Every structure is written in C-alpha cells, then in structure tokens.
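The two complexes that follow have chain A in common; it is paired with chain B in the first and with chain C in the second.
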Partner chain A sequence: MKRALVRYSPLLLLALAWEAATRLGFVSTLALPPLSDVLRAWGGLLAGGDLWINGAASLYRAGAGLALSIVVGGALGVAMAWWRPVNVLLGPLVEMFYPMPKSALIPVTALWLGFGDGSKILLIFLGCMLPVTLGAFNGARSSDQALVWSARSMGASRLRTLWDVVVPSALPELLNGIRTALALSFVLLVSSELIAARTGLGYLIGFLGEGGVYDAMFAVVLTVALLGFVADRVYQRLMRRVLQWRE
Partner chain B sequence: MNDQARAASGPAGALGWGLAPWLSVLALALAWEGVARSGMVTPFMLPPLSVVLERIGADAAAGELLRNLGLTLYRALAGFLIAAGAGIVLGVAIARNRVLRWFFDPIISVGFPMPKIAFLPIVILWLGLYDVSKISMIVFDAIFPVVTATVAGTMAVEKELLWSARNLGAGERELLWEIVLPAALPQILTGLQVALPIALIVGIVTEMRMGGAGLGAAMMTASRFADSPGVFAGIVEIALAGYCLVKGMAALRRRLLLWHQEALAPTTA
Partner chain C sequence: MTGNSQIVIDRVSHVYRPPRGREVRALEDVSLEVRGREFVALLGPSGCGKSTLLYLIGGFLPTGTGTIRVDGEPVTRPGSDRGIVFQHFALFPWKTVRANVLYGLEKLGLSRAEREERARSFIDLVGLNGFEDSYPSQLSGGMKQRTAIARTLAIDPQILLMDEPFGALDAQTRSLMQTELLGIWQRSPKTVLFVTHDVQEAVYLAERVVVMSARPGRVKAIVDTNFDRNAPNLFKSKPFVEKVDEIWALVRDEALKAQRSEGH
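And now, the complex of A and B:
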C-alpha cells in the first residue's frame, strides 16, 4: 500500500497541480475545469444513471466484439499453423490486412449495420481478430516438434494432439495477441462511438463536449481512460495465473 | 514461412509457392466482384470491386486522391516523426536519470494502456479543429510505445560494453551515440514499428471526427451521402497506404540493422 503510494505519487502531484492551476487562475476554467468540479460532475453522472447506461452499452459492445475475435481469430491462427493449405490460402490475406488502419472500417460497418450495437461489435471483431490470429499462429507454429511427435507416437489422434499439445504451447503468444486486441478494442470502441453512435461512453464524451459541459466531459474521458487501464491490469493478472503451470 | 518450403521443393516448387500469395489475393478480388454482381447483396451494401477501382481511378484523375492521400500522410507522418524524436529523447533521459524515471514511470504505465483517443474532444477544445490538433492527438497516442521501447532498450545495454567504452576514454556524448543508441536500436525500432500504425489509425479517426479533408474525412463525406463506392474506395486506399508504410518501415529496419545478428536469422517477412 505504502509502496504503491510512493510509486504513484507523481500522479497525485499532477492532480494537485491541475487543481491548483485552475483555482489560482493560471489556466481558464473554460479550457480546464478544476479537478474537484470534474469529480463532482462524475458523481452527478453516476447518480443520474448516464454513466451506467452508456457504460453498459460500451462494455457490451467491446466484450461481444472481443469475444468473437478471440474465438474466430484463435481458431484461425491455430488452423493456419496446423494445416498447411489453410496457411497458403489465408497467410497472404492476413499479411495484407494486418497493417490496415482498422479505423478505416468505421464508415463501412456503419453503412452495413447502422448506428447501433451491431456495427460496433462487427468493427471490434474485425479489427481485433488479426492480432489474435497472428499470436495463435506464431505460438502454435513454434510448438516443440518433438512433443508433437511423441504425442503422436503414443497414439494420440491428430485432433487430440492439437488440443493437448499445440494449443497449450501456443498459449503464451496467443495471450499476448489477445492483450493487443484488448487495447485495440477500446480504441475502436471509443473512436466509433465518437463518430457514429447514439449511445455509449464515446458518444457521451462527444455529446457533452458539443454541449459545452466540460466538467462532465472530462469526467467521462477519465472514466474511459481508467477502464482501459484497469482492463489491461486485470488481464495481465489473469494471464499470469493462466500461465502459472509453465514455471 | 515460405523459405523452408522453397528450399525443400526446389526451383519449380519455389515458383509455385511464390505465386501462391497472389492467387489468394486474386481469389478474394474475384469473390468480391462475384458476390457483388450475383445479387445476393445490394450494390449499396457492397459495390463491385470494378466499380470501386473505377472510382479510385476517377478520384486519381481529378487530383482528389493525391490531395487527400497527401494530407493524411502529412498528418500521420508529422505526428509519427515528432513522437519518434521526442519519444527517443524522453526515453533515453528517463533511462539515465532517476528523478525523471520516478516521475514518468507511473504516468507511462498508466497512460500506455489507456484509450487515449478518448481525449480527442479535449484536444479539440484546446487546439481547435485544424492540423495542429490532429497532429497533437497523433503524437499523444504514438509516443507511448516509443518511450517504453527506448527505456527498455537503453536500460538493457550491457554494463560491460559501457565499462569498456569508458575505460577506452569515451566521453558521455560518445557513449550515447556510439554505444547506447546502437545497442538499443533494435528495441527502439520495434517501438517505432508499433507507433507507425497507431499514427495512421489515429490520424484517420481525427479526420473522420473533425473533417478537414484527408482520406478519413473523404470517407466520412461519402458515408453521409450514402455513396458506398466512395466509402469502399477509401478503405482500399487507406489499406494500401497502411501496407506500404508498414512494409517500408520493415525494410528500413532491415537496412539499419544489417550489422545486427537478427539480419542473419530467418524471417517470415
């Protein structure tokens, strides 16, 4: 606890500097509302339910899109590493689409599925799939050939070997790919909600900003930033737990 | 992945595997055209590839393509270069100075996983809608991977290297340029390779949100007018630009690291 306090003290300093700079009039409160006002606005958003409703919409979209991308992307990556024809067929496409700036898909998904949940889920699914695929592919490809051979020679079927040998050894890289996808899912979620949505935290930020309610806007921005940070920390802890057997 | 196959199957096989990537790209193009023309989907949902290519040709002939592409690349690359320069300087400084490390370490470890794009409306509030705010947003987003990679790379430089250089009479300045930066270069380049696509993604989002021409803004305009060939033309253009930038960066890495042992290792790229 004390160590964490010392470690994160620069953030506290920044918060104090923020409050002081605005209270003492160094910066206009129109450009930067005092931190205390932002916290009060945050309480108001919580009590009024705005944060809950829009937050639930956002988390649902990110969660559904990410879950789809993990299942499909992971299966695709393992399949590419395990069956050569799949790799020959899909490898070039993965390589071609991987560097594509995923935000380019925002208008297309909106064109296909409108402004609601569907377009965000599709966007996050498509955008997050390739990092997972690449992680699973690299992990599965590097699985120890000797382990595969011994499993096979002890009579494990091809599918059994795949599930019991290849997938576990692909896990570290797969989990790293999912971590990239997790960060990307937040970016795509907020971007698409800022650009084309009628609910969600990103929409709320844009709406409050256009209405000039800056203390509330800062409150939602900080909420989103905090959510992204907490999600990454929780995921890292989970990842360590899952990979414990390797030690 | 293709190298081993090539070595194993001789010249004839090498030609076959060399062509294979193009075949699946061609198959995808044909499938797009076929599905769009079959009547399974409306041309609004998926205009045929030929129509989209025609549209790109028309945009190119009218000079629109060059203008929008130029603006997007200018913003993304300006932001990327500022983030690269500032990120490397900051990273080296953090790695070498304990006070800076104490101050920036929590900021970076909290800031890196945050979806910084959420700050876009704040950046608009402070800096307006034009290039300055777009480029600032890109710098803000792209600097984190550069700083973390530079810190990690600089801290990992072998102590023996530094000691022997000092012993041979190298000054601090020489130490930095001749030992630390070259030794950290592979990791710094990895950070830059992460930052470049981020710069492009963020650049396009800022254009979509704020307008002001560029490929992202052009796509948004097309989308508002329900002009789906325009939207798909934008996707193809942006995808091509991203592909060229990322491949160019990988080529630059190979060129800069010719002396490094990673150049000898087999690669898949």
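And now, the complex of A and C:
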C-alpha cells in the first residue's frame, strides 16, 4: 500500500499542478478545465449512465476483436512455424502488412460493415492480429528440437507435439505479442469510434468535444487512459502467473 | 550374432542437406549390431556423426541409405521402445519434475493412481524426492539430468539412447551420475547406446566401445571393454589404463584429421 502510494505520487503531483494551473489562471479553462470540474463531470456521466452504456459498447468491441486476433493470429503463427508451405504462402503477406498503420483501415471497415460493432471488431481483429502472429511464429520457431523429439519418443504423435511442446514453447513470445495487441486495440478502438460510430467511448469524446462540454470530454479521456492502464496491469499479472516456471 | 541382435544397422549413410549452404556427409556406410541388454559406447571426435547415428536409431531423422532394424522391424518413426536422454536434458521447462516424469506415462494407458505411483518410484530412484514440485529452472544441471533419466526410464523402454548425457555436467557430478547409471543398468538391464567423446567414460561404462572416424563418420574400430566395474581402484588398474590408452590413440588420430579438415 505504502509502496503503491510512493510509486504513484508523481501522478498526484501532476493532478495538483493541473488543478493549480487552471485555478490560478495560468491556463485558460477553455483549453483545460480544472481537474475538480472534470471529476464532477465524471460523476455526472457515471450517474447518468452515459459512461456505462458507451463503455460497455467499447469494451465489447475491443474484447471481441482482441479475442479473435489472439485465436486466429496465434493459430496462424504456430502454423507458419510448423508447416513450411504455410510460411511460404503467408510469410510475405505478414511482412508486408505488419508495418502498415492500421488506422488507415478505419474507412475501409466502415465501408464494408457500417457504423456499428462489426466494423470496429473487424478493424481491431485485423489490426491486432499481426503482432500476435509474429509473436507466435517467432516463439514456435525457436522451440527446441530436442523437446519435440523427447515428446515423440514418449509416444506423442506429431500433431500432439504441436500442442504439448510447440505451443508452450511459443508462449513467452506469444504473450508479449498479445501485450502489444492489447495496447493497439485501445488505439484502434478510440480512433475508429471518433471517426465512424454512434456509440462508444471514442464517440462520446468526439460528441462532447463538438458540444463544447470540455470537462465531461476530459472525463471520458481520463476514463480511457485508466482503462488502458488497468488492462495492461492485469495482463502483466496474468502473464507473470502463466510464465512462473521461467524464474 | 545376427540371431540375438536387437539393433541391426546395415550400411547406413546419412547426408545433411541444409536449406542454405553445402551438404554435409555425416555418416558413411556404417554397419553395427547391438545385442539386447548390451551397453555400447559410441566414441569419436566432434562432428563424426555419432549423435546422428543415435537420432537415426531413435527414428527422429529419416534413414536415407541403408537400413536400421530394431527387433527385426525397420525404424520409421520414434517409439516408446527407444527412450532418449539428451546432453541438454530437454526437460519441458513449463512442467514440474513430477509433471515431466508423468508426461510419458500418460500415454501408456495406466490408471491415474498407477501413474502417480510409478512417477514417485522413479523420482525416488534418481534421488529427487522433495523436488517433485520444482521447475527445471530451479534445479542444478545434475538434478535436471536425473529428472530426464527418470522421465525416460519411467516408460520402461527396452533401448536407452543417451546423447552425451553427462557432457554438460561438472566432473564431480559426472562421476556420480556414471556410477548411478551403471547401478540402474545392472539392476534392470536395458540395451544402452551411449554417445560420448570422453574415452575414460566410455571404457568405464560400456561393454564395447565403437570408435568412429572423423567426418564422414565410419566405424573405425570396435573394442571390447568388459571390466569388473565394481572393482576398487578400477581407474588405476593396469588393464583399464592400457585400454584407455589404446582407444585414446585411435580417437586422437581421428580428432587430428577432423581438425585439419576444418582448416585449423
């Protein structure tokens, strides 16, 4: 508890500086509303239900897109490492699309699937898949030949070793890839909702901004930041648990 | 001796063809027969293909030229009749000692209680009780290799393939493990093929030592090395020392050849 307090004390200082700068008139309250106003607006959004409804829509999209990207991306990466033809076929495509800024796909998925959940899920799925694929591929490719052979000599079929040896060997890199994907999913979620949506936290930010309700807008921005932070923390915890054998 | 040979290697050659770079002739025209329950060491300079021969018998690599038969059947794939122990242990790092030993047992169709009992007895056998729930990363090299040996012995293979199993251990641990391996082999005899480049280890452990030539590996000589291994001061006894010297001379020629061909 005490350690956490010390650790996050810079955050507290920043909050104090924010409040002071706006109250003392160093910064226009139009550009940056005082933190206390933002917090009050945040309470209002929570009480009015806006934050819950839009938050739920956003989390559903991010969760579904991310889950798809993990399942498909992970399977693809392992398959590329295990069967050469798959790698020959898909390797160049992965390399080509990996560095592409995925936000460029926002209009594309909106064109295909409209302004609803589908276009966001597809966008997040496509955008988050490649880091997962590469993580799974690199992890699976580096799996130790002797481990595979050991499993085979203890009666495991070739396919069985894929699950028993290759996938666990790939896990550390795969989990790192998923962490990248997790951060990316927030970026893609908010930017796509800002541009092409009628619900969601990103949409709410845009909507409040256009209406000039800046304290509430800042409240939603802070919410998104908090959600991203918590998600990453929880994920790191989980990762440490899963990889406790590494020590 | 064809009648009671368990492993028959008949004019086997093997060429590695890496995706890039030159092909490597690892083995050339190797023939060897090993009796059931015999302890044979494969000795030779590094890169002479002795590990390759072991992997071929294990069924991990496809046999190109020649045939390998185990109990009369050609080897086409790995099987639990041939257990293997690697130099770098090849334990599943995400499994505990117990789970590593249980892995092979799960494929034998035993009941859960039987599996647990068998795992426990083999962990006992290699002296690792108290470490059942440790992960490999928490163990010393010697303990890792004990776990690997327990894991392989637990599924009771008729043939034990050992690929420089003590090569990664310090001298003291190695000597202890050698004695333990002999004890295990004397209690429950198995056919052992033991790859090493340590002459003294080969002479001490094996009943026959197969000396292989520098790359491409051929059988250069087969030397009988049957000593009373429980004799005190065996290592200092004259016949033992002479045998080591005799084999050393054979190996040294080949090591020099290997060095020259690598352009040192």
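Here is the rule we go by: the second predicted complex is superposed on the first by the 246 of 247 C-alpha atoms of A that agree within 3 Å, B and C clash if a C-alpha of one lies under 4 Å from a C-alpha of the other, contacts with A are read in each partner's own complex, and residues count from 1 in each chain.
Here is the rule we go by: a contact is a pair of C-beta atoms (placed from the backbone, for glycine too) under 8 Å apart; a residue touches a chain by one contact, two chains touch by 3 or more.
Nothing here was measured: the structure is a model prediction, and the numbers come from that model.
Enquirer: After lining up the shared chain so the two structures overlap, which partner does A:Asn176 touch, if you call chain B first and chain C second: first, second, both or neither?
Expert: The answer is neither, since A:Asn176 touches no partner chain.
Enquirer: Return first, second, both or neither, reflecting whether A:Ala146 touches chain B, chain C, both chains, or no partner chain.
Expert: second
Enquirer: Which parts of chain A are touched by chain B and by chain C alike?
Expert: In chain A, no position sits in both the chain B and chain C interfaces.
Enquirer: Sort out for me which residues of chain A touch chain B in the complex.
Expert: Those in contact with chain B are residues 7-11, 14, 31, 87-93, 95-108, 110-112, 141, 183, 186-187, 189-191, 194-195, 201-202, 205-206, 209, 214, 217-218, 220-221, 224-226, 228-229, 231-233.
Enquirer: Mind listing the chain B positions that touch chain A in their complex?
Expert: Per the touch definition, chain B meets chain A at residues 1, 17, 20-22, 24-25, 28, 44-45, 102-107, 110, 113-122, 124-126, 197, 200-205, 208-209, 215-216, 219-220, 222-223, 226, 228, 231-232, 234-235, 238-239, 241-243, 245-247.
Enquirer: Under the stated contact criterion, what part of chain C meets chain A in this complex?
Expert: Residue list for chain C touching chain A: 55, 58-60, 77-80, 82-84, 86, 88, 90, 92-95, 103-104, 107-108, 135-138, 151-152, 155, 157.
Enquirer: Considering the complex alone, what residue numbers of chain A touch chain C?
Expert: Touching chain C: residues 144, 146-147, 149-156, 164-165, 168, 171, 244-247 of chain A.
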